[in-house]
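In order of appearance the chains are A, B and C, and numbering begins at 1 in each one.
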Amino acid sequence: MEAKKVAVYAATGCRACENAILDISFQVNSLDRFARFEFWPYLLGSRLEDLEKPGDIDVTFFTGAISTECDEEAARRLREKSKILVAFGACAAFGGLPGLVNLQQAKKAPEGCEDGTPELPGLRRRVATLHQIVPVDYFVPGCSPPQNYTWTIMQSLVCQSGAAARMSFAASRLPRRIARSVLSGVLPPSGSVFAGEKAVCASCGRMKQEKLFASLNRIHRIEPDPLRCLLEQGLLCQGLATREGCGGLCTGAGLPCRGCFGKAQDIYDAGAKMVSAVSSTFDTTEAAEMQKIAEAFVDLAGTFYRYTAPAQCALLQTPESKRPADEDFEAAGGACNG
Amino acid sequence: MNPFEPRIITFLCNWCSYVAADAAGVSRLSQKTNTRAVRVFCSGMVDPNYVIKAFAQGADGVLVAGCHPGDCHYIAGNIKALRRSFLLRKLLEELGVDEKRFRLEWIAASEPHKYAKVVNEMSEQIRALGPFSPGCVRD
Amino acid sequence: MSTINIGPLRYLEEPSQISIGQNGEGLRSFYQVTAPRDIAAMCKGRPAEELPRILTILSPSHHIASAKALDNLFGIRIPPAAENIRKALGETLTLIHHARKLLFLLQSSTNPPGTRENLRIAVPSSQRRTVDEIMKGIAAFQEAAYILGGRYPHPVTVVAGGVSRPIKEVHKRRLQEIARTCLPYALRLRDIFSETVIGNGWYKPINISFRPVASITSGETENEVVATDKTGAEAARFAPEKVLDTLEILSEPWTYLPFVHEKGKTWEGPLSDKTEGLFFVGPLARLNRATPLAAPPAEAERQRMIGCLGAPPHFSPLAGYWSILVELIASAEKCETLYSEENLSGTETRVVATGSGRRGLAAFEAPEGFVCHRYEVDQRGLVEDVTILDAASENNGLRSFLTQKIAEEAFAAGQPWDQAKKTIELSLVPF
């Protein structure tokens, strides 16, 4: 079998997603039989112009959010060149931590440079996700994606039925729908997310007791009970609105989930889901009491959309009807009256 | 310049507020024509998702109206709506939706005047605020 | 003036490139970081207690630095068990960080093992084994980081007031297994280093001496910061609270990475001879203080380094890598104790915050260098302002002038830019 040509690119984020891929490719020697890394600025020093060479890329792993013109151009070029484009990691898939910037008033790009100094790739007014720029074939959520899914997607897309034993290992980690295609050696349905389908709560080891929410707690002010659900202890845990896949890493370590896997399937807006789940357990029927409990909450948007503001916060998306026809979606924020 | 006509989505509970709205129409109370009514069985079933979706898809204001506390046909649906309204309003505000754009009101079947008043008030306030444009937040 | 652009540079945490302008008089190079990292915008408005989870985006050690700033903000003294876990995590991060940098040196293509150009390449199996060996070590340390930090590369367990949970029995046993491999691993790396990098002469391209530069490191305790002058002599010692009065952050329109320089000293850009405010941080800065190390094998390696390169202070990328190696051995030795049953058996790992301050600050000696966090919060505990010194911005000046030096020399020698690029890449990695 001929080795697949693989590209890896980092836009705005950190190196951890790339390191995750690097670690896999070294740890597992036999991946070398299946993959030939053709384009990878971080390790090979590849330039975007290298993509002008003839020949396609089989699979591109794109990490990081789109925050500069250069990120955007890379996205377009890699899309054009690649048979399969994967948004790898929370930044590429939903905007990630860099996307938090979108919760603030858009900033002006830095002023032009003085004479004789080189230019920088210009800043976009809004951080976008890969999918908002070009069509994406698959998504791997997580900040960074856990190794088992990294390994799984490598096998599904790169080894592609090259080794039966590996395939069944990979399939055991995926939702049935995706696993079926992986096992039969065909590509999973386009748009598939390489993670679970339910919410983090489904794999979180903590017990729910249907307790009511008497007041908000903050993690530095309580030492939560190690066995009980964190939300029921008054911590804003986002496990019930977040896609399963990490196995409840953070909740297992005693910290509330912040949603790095993006919203769970079938949820329209994670923030709305959380508002509804949290407030329906307020332990009162008095408006004044409710008001009091609610007042303790801070930074709902920055918590509920911690990793997803650009892609999954419904209110930060501009609907077609209100979008000035000839402008980029990002520009629509211009005439805003709150 | 075109005068701005705010679009207000109203979620009206089948048992009280919808009746009131109907009556307001029948008795030709003067009311602004900016509303698009969605009849729901109970204000308690207006999930925060609906409200957010309305704004995300271009509404300039959202009104949720239900029976007075104690009168809900499903016993406490309206209390449920009330519980959710505080955090919802907070989230909306953080995302740049002015608090005047979202209202929860108790309007009994016998209160068409109240309905007209609320709707007129909201229209005026939102007209003053201007159109809502998703995708941008306040400082 | 004609400008050429060489980049992107390999192996650096920050996506970066070099722009070189040439005119009659000479050549001016710019080390440009091309990806923005608007940390302040990510942090402002967030509840302060969330910052350790957000700031890991800078590097996992900022997770610890951030929690320390919160301890200070809330006025908490953390329990000894938490201190132990934090230290163990910190040393683990050093192992990973340092091993990765050595890996880059060993696999880069200016050196023979780097024929692994394509990552897939048929390299002679012995060399290939070497690289795989290093990766296996990194994998084991990552597992340790998972255990201690709850998540890796963006850990979560270090919180205001300590650590979110004690270490489980099964994890302690696994850590002890890993502990046994640390030192042999570090010594193996030492052997590879002395055999190939020193013995086979691969050090030559990175044996570039640059002019002496001042540095900043933590003192013997965390409550002291030491500024060292160019001669390696201690110039000042001050409390962490004074750091941000001493150092200044400065942005340039041609790079997304800010510069940090010493206040009150001349700053005419990183390249000017008149610039006195330039300093650097990191492993070499720490070793340049010439303090003997407690661990015998690490001290032996430090002596070997002195035997080869002379007495500290040293100013060259080679010395940078060598100090990484020395520190790696020291960390490996420390991990043997830090991962031990006695060290990790405490169950009181948290103190709950009762107070609420308005300003938190911490200085921390991270694997990549001295870092400092300062937060201003409002009465609800929401972040109003953050100031963060990270090793990359602190070393930005050094990186810039090192780049200039290499570019000038390559130009004078008529070297192709391709080759100069490789030298620059390898020379910047240890800083």
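Just so it is clear, a residue touches a chain if its C-beta (ideal position, glycine included) is under 8 Å from a C-beta of that chain, and two chains touch if they have at least 3 such contacts.
This one's a predicted model, so the numbers in the text were calculated from it and none came from an experiment.
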{"item": "Touch-based graph of the chains, sorted into line, ring, star, complete or other", "value": "line"}
{"item": "Identity of the chain that, by mean CA position, is farthest from chain A", "value": "B"}
{"item": "Whole-Å gap between the CA centroids of chain B and chain C", "value": "55"}
{"item": "Inter-centroid spacing, chain C versus chain A (mean Cα positions, whole Å)", "value": "27"}
{"item": "Chain A-chain B separation of Cα centroids, rounded to whole Å", "value": "34"}
{"item": "Residue list for chain A, restricted to those that touch at least two other chains", "value": "103-104, 299, 302"}
{"item": "Residue numbers on chain C that touch chain A, as the complex places them", "value": "1, 3, 5, 7-11, 13, 15, 19, 21, 28, 30, 32, 34-38, 41-42, 44-47, 49-50, 53-54, 57-59, 70, 74, 100, 117-120, 131-132, 135-136, 138-139, 142, 150-151, 153-154, 156-157, 159-161, 164-165, 252-256, 350, 352-354, 380-382, 421, 425"}
{"item": "Footprint of chain B on chain A - complex, ascending", "value": "102-106, 126, 268-269, 271-273, 275-276, 278-280, 282, 285, 287, 290-291, 293-294, 297, 299-302, 304, 313-319, 321-322, 329, 332-338"}
{"item": "Of chain A, residues touching chain C in the complex", "value": "3, 10-16, 19-20, 23, 25-27, 29, 32, 35-37, 40-47, 64, 67-68, 70-71, 97-98, 100-101, 103-104, 107, 110-114, 116-121, 123, 143-144, 218-223, 226, 249-250, 252-255, 258, 298-299, 302-303, 306"}
{"item": "Residues of chain B defined as touching chain A within the complex", "value": "47-49, 51-53, 55-58, 76, 79-80, 82-84, 86-88, 90-92, 94-98, 129-139"}
